[in-house]
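Following this message is one structure expressed as structure tokens.
Which chain is which? They are A, B, C, D, E and F, in the order written, and residues in each are numbered from 1.
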Amino acid sequence: MADLFMQALELMLAGMGVVFLFLCVLTGAVMLLTRLCPEPMKMTAPSNPPPEDHANSQASKLAAVTVAVQKYRHARGRADQSED
Amino acid sequence: METWLTLWQSTGLSAMSLGALLMIVVGLVLVYLAIVHKFEPLLLLPIGFGAVLTNIPLAGMNEAGGVLYAFYEVGIATGIFPLLIFLGVGAMTDFSALLANPRMLLLGAAAQFGIFATLIGAIALNWVPGVEFTIQQAAAIAIIGGADGPTAIYLSSQLAPELLGAIAVAAYSYMALVPVLQPPIMRLLTSKKERAIKMEQLKPVSKRAKILFPLLVLLLTVLLLPTAAPLVGMLCLGNLMRESGVVERLSKSAQNELINLVTIFLGLAVGAQLTASSFLTIETLGILVLGAMAFVFGTAAGILMAKLLNVFSKQPINPLIGAAGVSAVPMAARVVNKEGLRADQHNFLLMHAMGPNVAGVLGSAVAAGILLALAG
Amino acid sequence: METWLTLWQSTGLSAMSLGALLMIVVGLVLVYLAIVHKFEPLLLLPIGFGAVLTNIPLAGMNEAGGVLYAFYEVGIATGIFPLLIFLGVGAMTDFSALLANPRMLLLGAAAQFGIFATLIGAIALNWVPGVEFTIQQAAAIAIIGGADGPTAIYLSSQLAPELLGAIAVAAYSYMALVPVLQPPIMRLLTSKKERAIKMEQLKPVSKRAKILFPLLVLLLTVLLLPTAAPLVGMLCLGNLMRESGVVERLSKSAQNELINLVTIFLGLAVGAQLTASSFLTIETLGILVLGAMAFVFGTAAGILMAKLLNVFSKQPINPLIGAAGVSAVPMAARVVNKEGLRADQHNFLLMHAMGPNVAGVLGSAVAAGILLALAG
Amino acid sequence: METWLTLWQSTGLSAMSLGALLMIVVGLVLVYLAIVHKFEPLLLLPIGFGAVLTNIPLAGMNEAGGVLYAFYEVGIATGIFPLLIFLGVGAMTDFSALLANPRMLLLGAAAQFGIFATLIGAIALNWVPGVEFTIQQAAAIAIIGGADGPTAIYLSSQLAPELLGAIAVAAYSYMALVPVLQPPIMRLLTSKKERAIKMEQLKPVSKRAKILFPLLVLLLTVLLLPTAAPLVGMLCLGNLMRESGVVERLSKSAQNELINLVTIFLGLAVGAQLTASSFLTIETLGILVLGAMAFVFGTAAGILMAKLLNVFSKQPINPLIGAAGVSAVPMAARVVNKEGLRADQHNFLLMHAMGPNVAGVLGSAVAAGILLALAG
Amino acid sequence: MADLFMQALELMLAGMGVVFLFLCVLTGAVMLLTRLCPEPMKMTAPSNPPPEDHANSQASKLAAVTVAVQKYRHARGRADQSED
Amino acid sequence: MADLFMQALELMLAGMGVVFLFLCVLTGAVMLLTRLCPEPMKMTAPSNPPPEDHANSQASKLAAVTVAVQKYRHARGRADQSED
């Protein structure tokens, strides 16, 4: 019982210690991170362009194709010129 | 003749036990709280309904071959359901408020004191005759102080599945009660002047920092506390899917279909653990007392840490926001905002409180990792 | 004292091995390619993240009881996840371009030469000391030339699960690299005049033909190649749900919820196979080399077949569209379109290239069926 | 040489048996009925396709390790899929029409006579040489009269899995044939004057009553018939999620994603049971005959009960609405409306018929519970 | 065979009996229920206020937060005043 | 080794053979199919009427009912006349 109590106390010390250690290190790391990646001044320069626009993955690809095929059937000769 | 006897023996009227009846009432009370008082309805409605279903005599829904049993074995015993919820939570969470003011992480750390104080409390309760918590059970109970449902369910499924039902009910109930539990403590520990402190506007955060943040958290977990990796990892994956912007459809699915469907199954499976033999015990009473204690201590520790920070900080920190460190997202942050407005009707703290609020989610996942490592 | 020792032993710092560290870096590189360079992000982001998670020491996420292990056993070892993806792909695919010009199927057939040439190549690589591919492993590697993710994952889960991680990474990476890999081959094998050939407008296709097409494909599979039935069957079911128009809600669910959720789990489970012992080997290097070879040979064979067809055809065929026969939907078709426009800025080949592109999906599913029948 | 032999032996042409071929045709007929004649397409399209897939020789999709086998074991053998469908059906069902006129429940009760008459019929059929139904099999066949797909699948998975395929096909086919089967019986048993009876407008129902209704049904089930608890419980949970209004996102997910995805898997797994050895039997013929009988008797009993009620009731009751008591939601209610309009072009019975229609769902779930209790 | 037939007959009696018993009791219970919960006269008094508006659950909460954060970034000083 | 190589060669021949056989047969079948099912001239005659309008399946049915009940409550006497 007393033994269990000691174990719990030790767990508390270790626990709060690790929690603070972890989150303090994280605090420092985030400070560093936000310093290294400042918010771009005005116009949010699209270093990461529109999501999935160029995403080449199976799913979005086929969806795109589907649409493309349908468009084509209605307006041949004006096929989409946008590509990589 | 035999048919009629079989028929009578297969009615609930003949087969009902007092314990099952009481547990059905408990389940209905949870459903009532969910619907009428809006106590965490997304979880407590399925949990309460699951408690009713599991206690229907002869139906065997929680025995081998039953549907609730299957949900439990597949999703809770394995930890998969809470981890998937964490994936969805990650995809829903915006860490901007935290990135704009990283010191908020310390408030999220301090509020975890509620967990560890409760751990001591649970062991101390062993002095009461009839209560005998092991260190694993004490740890599982203590995590109620993390004020985070999936973390609590995950940890107790790993450390003390026999207490899972009571722990989950306590955790969600106290989360719903945050607007009642926290304000007295907040007023006790702060002066009106402190509560009226206005905080500076948060800086905007770059997209790149938001993308790198989940990876940073994951790497720290890898280095310092791998046992927290399942929880933290899924949270970070969800958040990375959200912030990266390249897998929009996966992120949307994790925030909607995935989390909704898993919530239904998780709730039913947790509710199915609420049987008379496991819930109508002196231990459950202990868990309810300890759970309340966990929230109180966590709130107090968060507030005191905010006061301490305020001493050293150049920018003013309203100590109220420390109370949001217990998680209970976003309830605790709203309570902070409300108390701030009571002190000064132009003092909007909601966004400032979101920082410690989401920090508390990380904090309790870390605490869960330590408890798994040392008591698991 | 013991607590502190346990604590230290449960940090990643103490338990990390060099191999695991390298694999975490590999995982992060995949995540980087997915996010920054948009390399098949829907798959490579979860795969890369899964690779990080599986290599976290002590977390055991890919050991019995771990969540990644469960995803693998349930979805990959059984083949269920790739088959469900195929169901969704079928529901997303419009075969009109193929029905309007059925000879395109021959281009999809020719491009499968990449698969079988690579099979020879893999066996030939056995002359290199330290490499020893079985015929099953060679077949699983060869399927990279199918340029179709789910087919590659399905086949290697059945024939060579120990190579699954490397094969999946190679397949998706080269699919992302199609805009880099294919143009030089296209320009090498065609004259500018050939690349400028304009093709006739496609005829419209009746709804009835579109409904009957998946049933026709399925019946041919039943008669000729039943081992391809799981893959082809799910693709045809998805397409029938789409085209029949009577089960709109099932078709929409297969295209959205189903494919999104399965993609997350599939990606994580595939990434979980990227362990140091299975990935940091000479075989992986071989797989990367062979995979590039597969794409190159497939592209070349498709183009040459198109040139051959052009000799006999009354209607002009632009040989570029043969390159789309490798699948890599719709990337390869876009590359074709781009090259066509470079040769003549009024030459739009996108729709014409969609025919061989979707034919390539069927072609590689058929090739997978043969490999299963003869090498399985 | 050996390769070519293996190749030939792995074609369907060499391995096809006559039985498998016939079953593939059966599957295609179901697909045809689903697409061209709109016979319950959401179920019969996947069931028919599953029947084709399961009968492909050498593909082994319904053997251990196959995908259809996995769907069956996970979702049908355990009863989970039909229960999840019931959850979604509950979330979709509005019981207002029933609450506004509770006597409609008696029509839903009377129509279950179709079930029990068919039970006798099935046993009587044992006089035919070659047919030998056990009481369990007879009960499973009889439930076709419930005109409710998930109930029929659930009960036969528990009582007579060997007949599951034929029972499901019969149930859904006759549900689709309700517009053909019911009108002659309706006209035979009612005069034109009776069919022209106009009913009084339904009273509105309070939100509170709608919330309490599913709980009331559940409690009655607990007290009287716990064996019906899985089915009734899931229906009530779905309806409570719908009416409570506090878990909108869960309710929407149950009505959409959940029911759609489960329908695909359920349909495939049910179709996979349609093998030659289990379907091309004299028993199947018996099941088809008995199923038609079940619908006819249920319809007649519902109408006669409505005529009886009309004798005692102060408010007029159009006997046609009794026919809606067999369930087959909402087809039977539409047929009632159509017949009512034929008799008097201003006589709109749709809403009045919805009461017995949803009552029939409860009635057949109760009947299933009794059959499980006494014949299970 | 005759035995089986008797069993089926008995099952039919018991079955129709229980179905009617169950649904008759339910009829009575529903009549009582609708009497106890009459439709509120005009304005449907919101005894159950707008769904999920105050729902404190994890999921909707976070979604709310997300939106809140974004709003805030654009219009600080006008933070949402509505709470419990 | 040489044996394995021979096996691979044989696999290649068989493989390309079957792929071409399969897709050639399919080509012929599709040509036949598109000849038998020509695109209807103008107005796409609805041999397959609007999807799910008459779909009698459990799910869509109940959804329809739900809507119907609500409509009815607001405008009785004008119940939907469309049916099979």
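The rule is short, and it goes like this: a residue touches a chain if its C-beta (ideal position, glycine included) is under 8 Å from a C-beta of that chain, and two chains touch if they have at least 3 such contacts.
The structure displayed is predicted, hence computed values, not measured ones.
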Shared chain contacts [chain A and chain C, defined touch]: B
Labels of chains that are neighbours to chain E and to chain F: D
Repeat of interface A-C, chosen from D-E, C-F or D-F - more than half of residue-number contact pairs shared: D-F
Furthest chain, CA centroid comparison against chain D: A
From chain E, the most remote chain by mean C-alpha position: C
Between chain A and chain F, centroid-to-centroid distance (C-alpha), Å: 37
Length of the line joining the C-alpha centres of chain A and chain B, rounded to whole Å: 24
Where chain B and chain C are represented by their mean Cα positions, the distance between them in whole Å: 41
Chain C, residues touching no fewer than two other chains: 3, 7, 35, 38, 41-42, 204, 211, 224-225, 244, 246-247, 249, 257, 260, 263, 370, 374
Numbers and ranges of chain F residues touching at least 2 other chains: 7, 11, 14, 18, 48, 52, 55, 59-60
Chain pairs in mutual contact under the definition given at the outset: A-B, A-C, B-C, B-D, B-E, C-D, C-F, D-E, D-F
Chain D-facing residues of chain C, complex: 78-80, 83, 87, 211, 215, 218, 221-227, 229-230, 233-234, 237, 240-241, 244, 246-247, 249-250, 252-254, 257-258, 370, 373-374
Chain C partner contacts - residues on chain A that touch it in the complex: 7, 10-11, 14, 18, 48, 52, 54-66, 68-70, 72-73, 76-81, 83-84
Chain B-facing residues of chain A, complex: 1, 4-5, 7-9, 11-12, 14-16, 18-27, 29-31, 33-34, 37-40, 44, 47-48, 51-52, 55, 59-60
Complex contacts: residues of chain B adjacent to chain E: 3-4, 7, 35-36, 38-43, 85, 88-89, 92-94, 96-97, 149-150, 175-176, 178-179, 201-202, 204, 255, 259-260, 263, 329-331, 333-335, 337-338, 341, 348, 350-351, 354, 357
List of chain D residues in touch with chain E within their complex: 98-100, 102-103, 105-106, 108-109, 112-113, 115-117, 119-120, 122-124, 126-127, 135, 138-139, 203-209, 211-213, 216-217, 220, 224-225, 244-249, 359, 362-363, 366-367, 370-371, 374-375
